[in-house]
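Next up: the structures, one after another.
In the two assemblies presented below, chain A is common to both, partnered first by chain B and then by chain C.
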Partner chain A sequence: MAAINSKDIVLRAIQVLLLVALYIFLYFPILFITYVSFVDNIIWPFPPEWTLKWYARLLSMSDFHVGLKNSVYIGLCTAVLSTLFATSAVIGLLKYRTRWRGPMILLYISPLFVPGLLIGISTLMFNANVLGMSGKLASAIVANTTEAIAFSFLVILAQLVRYDWRMDEAAMVFGARPAQVFREVTLPTIWPAILGAFLVSFILAFNNLEISFYNLGAIPTLPTIAWGTLRHGIKPELFALASVINLLVFSIIAGLFFLIQTGLVRFGYRGE
Partner chain B sequence: MQTSAHALELVEVEKQFGPVRAVDNVSFSVEKGEFFALLGPSGSGKTTLLRIIAGLESAGKGSVHIGGRDVTRKPPYARGIGMVFQDFLLFPHKTVGENISFPLKMKKMPAARQKEQLDWVLELVRMKGFEDRFPNQLSGGQKQRVALARGLVARPDILLLDEPLANLDRELRKEMEVEMRRFQAEIDIPFVYVTHNQEEALTLSNRVAVMKDGRFEQVGDKLELYEAPATAFVASFLGLNNTIVGQVTAQEGGLSTIDWKGIRLPVPTPEGVGVGDSVQYYLRSEKMHIGPLEDTPEGADATRLAARLRDIIFKGQYSDYFVIVENGEEMVISDVPDIKGITIGDQVAVSWLPEDGFAFAAKGDR
Partner chain C sequence: MAAQLRLTRRDLKAMALSLPGALFLLFFLFLPLVTIVIYSFWRSENYTMIADWNLDNYITLLTTRTYLTFIFRSLVMSLSVSFICLVYSWPVAYFIARYGGRYRLILVLLTAAPFFTGIILRVTAMQQILGPIGVLNMFLTNMGLAPLKLLMYTNYATALGLVYLWIPFMVLAIYLSLLTFDFKLLDAAMINGAGPLRAFIEVTWPLNWIGTCIGLALVFIPTFAATITPKFLGGVNGALYGNILAHQFGATGTWALGSAMGVVLFAISSLFVYIIFKTVNLNRAGYTGKLDGE
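Let's turn to the complex of A and B:
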C-alpha cells in the first residue's frame, strides 16, 4: 500500500508517450492523406476547405474503373489459388511426416526471399517465351500467386502446427469418411487460418505493383494507375485513390474483426 | 450370420515400425459383455494394438474380426466401433450434444432417433442438461463422461478405451472407475481397456492381458493372473513387491533352496531349474507377517528371517513395514497396523510360507 511515488508517474507517462508516438508514426501519414483528399487547398491544407471534387475526378477517370476491376480480379483469383495450394501443402506436410519436411518448407517459402521485381520479370519471361501468354491478367495472377503461396503457407503453417490431427482420427473412428472429416472437424477448426491467408493474399495481390506491372503491359490496375499518375507529379486524385484503397483494406479487416467478435459467423458450426 | 462369433477376435496380428516390433504375433478374443484389460508398461504396444483394432493403423500381418466380420482391410469408419481417447479428443467447435451425436449424424440417423439415443446416453453418463455447453466449459471428469457417451451412443459392437483415466486426478479416477463398471454392466457392449495401472486393470476388468515388448505375457482371468502369474514380468508388474534373486544350492521334493546373498531360503522349484541355476522369487507383501523377534512362528513350514524395522507407513486398513534383513536387503511387509511390541529400530521377525511366493527361472535380461 505504498504511496504512488513520482518515479512511477514519470515511468507511466513515458510509456503512454511512447505508445502515442508509435501510433502517430504508424497512422498519421495514412490519416493525413485521407484528410488531404477531402480538401481543396492541398498545398497548405489548413484551415481546410472541404471538397469532394478529387473523388469526382477520380470516378470520372475511365482508367480508374478498369483498374479497380482488374485489381479486385487479380486479388480474388490470387487469393483463391494461393489459399488452396497453401492449405493443401500445409496439411500434406503436417499430416504425412517425411524427412524432406525441412527442405520442402524452405521451397514453399523461398519466393519470400526473391525480390518482387525479379519475380515479375522472370515470370514475364517464362510466361511470354515458354507459355506464350504475355500481357495477360492470367499471367499476372500466376506471378502473384507465386509470392502469395509463400505468405499463405507461413500464415497457415503457424496456425496448423497447433492442430491435433488425432482429432481427424477420432472423427474417422466415429464413422466419418475423409471428406466428412474435413468438412465436420478439420475445416471448422482451421478456417480462421485459411481466411487469414486468403485476406493476406488478396491484399498483397490487390496492392501489388512490381509483379503485376511486368506481366500486364498496358492493362491498368490501381497500383499501376497510381504509379503512372505519380510520374506527372503528385495529383490530388492520387490522395483520393489512396484513401479508397485504404478504406477497402481497412473495411475487410474491420469486417472480419466484427464477425469474430460478435460470433456472427461460425463456419462449419452445426455442420451444414 | 454366425451367432457364436466373438465380439472381437485378433489372429496373429503383427506391426513393425522400422526396427521396432510394436505388436508381435498377438492373438486373443473378447466376448460379448466382457471387460477386457490390456495391461502393460509404457511402450509395450498397447496403443498400437488398439489402433490396429480401430483401423487407424494397418496390421502388417494377421487379421482382425469384429462381430464375426473380417475387418482387417476396412477403414476405421466402416468398422462400427466406439473409442475413448486418452486426451478425450472432443471436437472443440461442437457442443456437448453435437459431440455425442456425431457418430449418429455420420450414420445419417433420423433426427428423432438421434434425440432418443442422445437422451439415453446422457442419462447413462449423468450429463443431462449439459448438451449446449462447449468442451472448454467442462471439467476433466465431465469431459471424460462426454468422451464415454460419444463412444457408446451409437451402440458400437465394441468400445476401445486408451488409458481413459490417466489424465484425471486420483479422487476422480476412483469415482470414474466405479462409473465405468456401471456403464459396462448396464449395456452389453464389450470394453477393451488399455492401462498401465495394474490396480485399475484388476479393479475394472474380468480378464486381463499383460503386454510386454509387443507380446502377450499372459492372458487370463484377473484372479488367475494375480494368484498364478505365469512369468517373472507378470509377477513384478502385478505389484509383487519383494523381488529375491538367488542361486539354487539344493533341491528336495517340490522345493529348491536358494542362496540370496548369504541367506538360504526355500522356494517352489520352477520348471526346468536345477542346482546352480538362477531363480527369481516374488513375494507379495500382504502374504507376509511381521512380529517381535521372540514370537514363535505360526507354522513349522514358514520361512522366518530376523530383520531390523526401518519404517512403518500407515495405510488405513493395513501398514507397510519396511525392514532390513541380515544380508542388508530391504523387504516390505503389509500387515495389520499397530502390532504390539514393535517400534522402528527394533529387531523383528518376518515370516511367510514358501508357496505363497512365485519362483521363476531367472532370464539373463533382468
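Let's turn to the complex of A and C:
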C-alpha cells in the first residue's frame, strides 16, 4: 500500500465532495416536490402551511384509478414475462456452455441500446399496421417486455455467474429429475435474483412513458396522466402522485437492500 | 464422437432455454425496427401507409435545413451531456469502488435508485426547481436578486435535466468496470516509478475504457432520442430532434417521414457506438493483470 500523503487526502476529499454533491443533485428535486405536495402555498412554500388537499384531489381525479390499475397491470404482466424469459435464458447460457453464448448475451442486452422513443414508434407501427392491435394494453405490455428483458437478464446474470452448477449435477447423480433439480436445488438458491429482476421490470414498466404512450392511444396510465397534467402547467396533484410513486420505488429498493444486507438471502451460494 | 454428441446435446439444452426470449426479442423488437425501415421508403396519407417505394422521405429529411439543424442540435446536446456525465462520474465511481469498503453497495445503489422513479416524474421535479416559479428562481427573487434566466426554459436547462436523468447509468457502468479492476496494478506502476497521474492515464483509464464506453453509449443513446426533457425544460425554442420525430406520429400523422427519422436516429446512434468501440484496444483493455508481453 502506498503511504497516504496530503495530496491523496486532498484528492479523496474532492471525490467525497463530488459524491455528496451528486446525491444532493439527485435527491433534492425528489425530496423538494415531496415536501411541496404537503403544503398549501406551493409557489413559495416557506413557512409551510400544511395540507393534504393535493392528495385528496389526486384521489378524486377520475382517470387516476383507471391509470393506476392499467399501470399495475402493465407492470405485472411485463415483469412476469421478462423474468420468465430472462431466467430461462441465463440458466440455459450459464449451465450449458455453448458457442452461441456470446451472440445470445449480446441479443439479450441489445434492447438497452435502443432508445425508448424508437421502441415506442416502431412497435406502434408494427402492432398497428402489421398485427392489427393498436391501442391495446397487450401491445404496451409486449413492447415494455422487450426493454425489461434486457434489465432482467443483466440482474439475473450478475448473480448467477457465481452459482455453482455442480450442485445441480450432484442432485442429478443422486437421481433427481431435471424439474426436481430446478425446484429443489436451483430455485431456492437463485430466487433473490429472480425477485430482483421481477421488481426491476415491474418498476420500469409501471413508470414507462415513452414506450407505453405510443402503444396505448387514449388508454391512461399513471405516467401518461402525469404527462397530460404537466402539459397544462404545474399541477400540485402531480407532486402528490410523484411522492407516492417515489415512496413505492424507494421502499422496494430499500427492501431488496435490507434482504441482501441482513443475509436473509444470499446471492450465489457456493455450497460452502 | 461421444464427446461431440454430448456437446450438441448441451447446445440443444442451452438453445431450448434461451430461445424463447430470443425469439420474443426478434419478433417484438427487431421485426418492428425492420418494419420502420421498410415504411421509411413508403408514403403515408391520413394515418395509413401506402406501399409506394420511394426515397422522398430521406430526400426531405436530408435537404430540409430545419431537420438538419435539429439533428445537429441534438448531436451537440447529447455529446455535451455524455461528456459532462463522463467527467463527473469518473471520480465518483472511482471513490465508491476503491474506498467504499462495505458501504460500496449502498453508495452505488443511492446513485442508481432515482433512475427507477420514472422519467416524467423526475422531469416534473426538475421543472419545479428550475422553472420560472421553481424554487431556485423564487429564492433568488425573494433575496432581491435577478432570476437565473440561463436555466429557465433554455437548452442549458435541458442539458442539466438530461444529466440528471442519465448520470446514474454512467456511474454504474464505470463502477462495475472498476469492481473487476485490480487496484494492486496501480501500486505496481507506482513502485516502478510512475506518478499517480501517469499511473491513472496508463493503467486505470485504458483498463476501464470498455466500461466507460458502455456508459457513454448508455447515456448518448437515450439523450439523442430525448423528447420529454426538452419539451418540459427546454421551452418554446428548445425542441430537439426527438420532438420533431415524435411530432410525426402525433399531430401530423406523417408516419412514413417519421419512420425515416427513426431510421436516421438509429443510424446516428449506432455510428456513435461504433466509433466509440473502435477505440477499444483489446490488448490493453482485456483481462486485468493477465496480459502477457506488457
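One rule holds for everything that comes next: the second predicted complex is superposed on the first by the 230 of 272 C-alpha atoms of A that agree within 3 Å, B and C clash if a C-alpha of one lies under 4 Å from a C-alpha of the other, contacts with A are read in each partner's own complex, and residues count from 1 in each chain.
Keep in mind that, in the parts below, a contact is a pair of C-beta atoms (placed from the backbone, for glycine too) under 8 Å apart; a residue touches a chain by one contact, two chains touch by 3 or more.
Computed from a prediction, not measured in an experiment: that's the story for all the values here.
A.B. asks: Report for A:129: first if it touches chain B alone, second if chain C alone, otherwise both or neither.
C.D. replies: second
A.B. asks: Applying the document's definition of touch, where does A:53 land relative to chain B and chain C: first, second, both, or neither?
C.D. replies: neither
A.B. asks: Could you say whether A:100 touches chain B, chain C, both of them, or neither, answering first, second, both or neither?
C.D. replies: After superposition on chain A, A:100 lies in contact with chain C alone.
A.B. asks: Contacts for A:167 in the overlay, against chain B (first) and chain C (second): which applies, first, second, both or neither?
C.D. replies: The answer is first: A:167 touches chain B but not chain C.
A.B. asks: Please work out whether A:111 is in contact with chain B alone, chain C alone, both, or neither, and reply first, second, both or neither.
C.D. replies: Only chain C is touched by A:111; chain B is not.
A.B. asks: If we overlay the two complexes on their shared chain A, which of chain B and chain C does A:88 touch? Say first, second, both or neither.
C.D. replies: second
A.B. asks: Considering only touches as defined above, state whether A:65 meets chain B (first), chain C (second), both or neither.
C.D. replies: Neither partner.
A.B. asks: Contacts for A:185 in the overlay, against chain B (first) and chain C (second): which applies, first, second, both or neither?
C.D. replies: first
A.B. asks: Does chain C touch more residues of chain A than chain B does, or is it the other way round?
C.D. replies: Result: the larger residue contact count on chain A belongs to C.
A.B. asks: Would you sort A:177 into first (chain B), second (chain C), both or neither based on which partner it touches?
C.D. replies: After superposition on chain A, A:177 lies in contact with chain B alone.
A.B. asks: For chain A, which residues lie in the overlap of the chain B contacts and the chain C contacts?
C.D. replies: none
A.B. asks: Going by the contact rule set out above, which residues of chain B touch chain A in the complex?
C.D. replies: The contact residues of chain B facing chain A are 54-56, 75-77, 79, 81-83, 85, 87, 89, 91-94, 98, 102-103, 105-107, 150, 154.
A.B. asks: With touch defined as at the start, can you tell me which chain A residues reach chain C in the complex?
C.D. replies: 1-2, 7, 11-12, 14-16, 18-19, 22-23, 25-30, 32-33, 36, 43-44, 81, 85-86, 88-89, 91-93, 95-101, 104, 107-108, 110-119, 121-127, 129-130, 142-143, 145-146, 149, 153, 200, 203-204, 206-210, 214, 223, 226-227, 230, 234, 238-239, 241-242, 245-246, 249-250, 253, 257, 260-261
A.B. asks: With touch defined as at the start, can you tell me which chain A residues reach chain B in the complex?
C.D. replies: 164, 166-167, 169-177, 180, 184-185, 188-189, 266, 268-271
A.B. asks: Chain A touches which residues of chain C in the complex?
C.D. replies: Those in contact with chain A are residues 10-11, 13-18, 20-22, 24-26, 28-29, 31-33, 35-36, 39, 49, 88, 91-92, 94-96, 99, 105-107, 109-111, 113-114, 116-129, 131, 133, 135, 138, 142, 164, 167-168, 171, 187, 190, 196, 217-218, 221-222, 224-225, 227-228, 232, 242, 245-246, 249, 255, 258-259, 262, 265-266, 269, 273.
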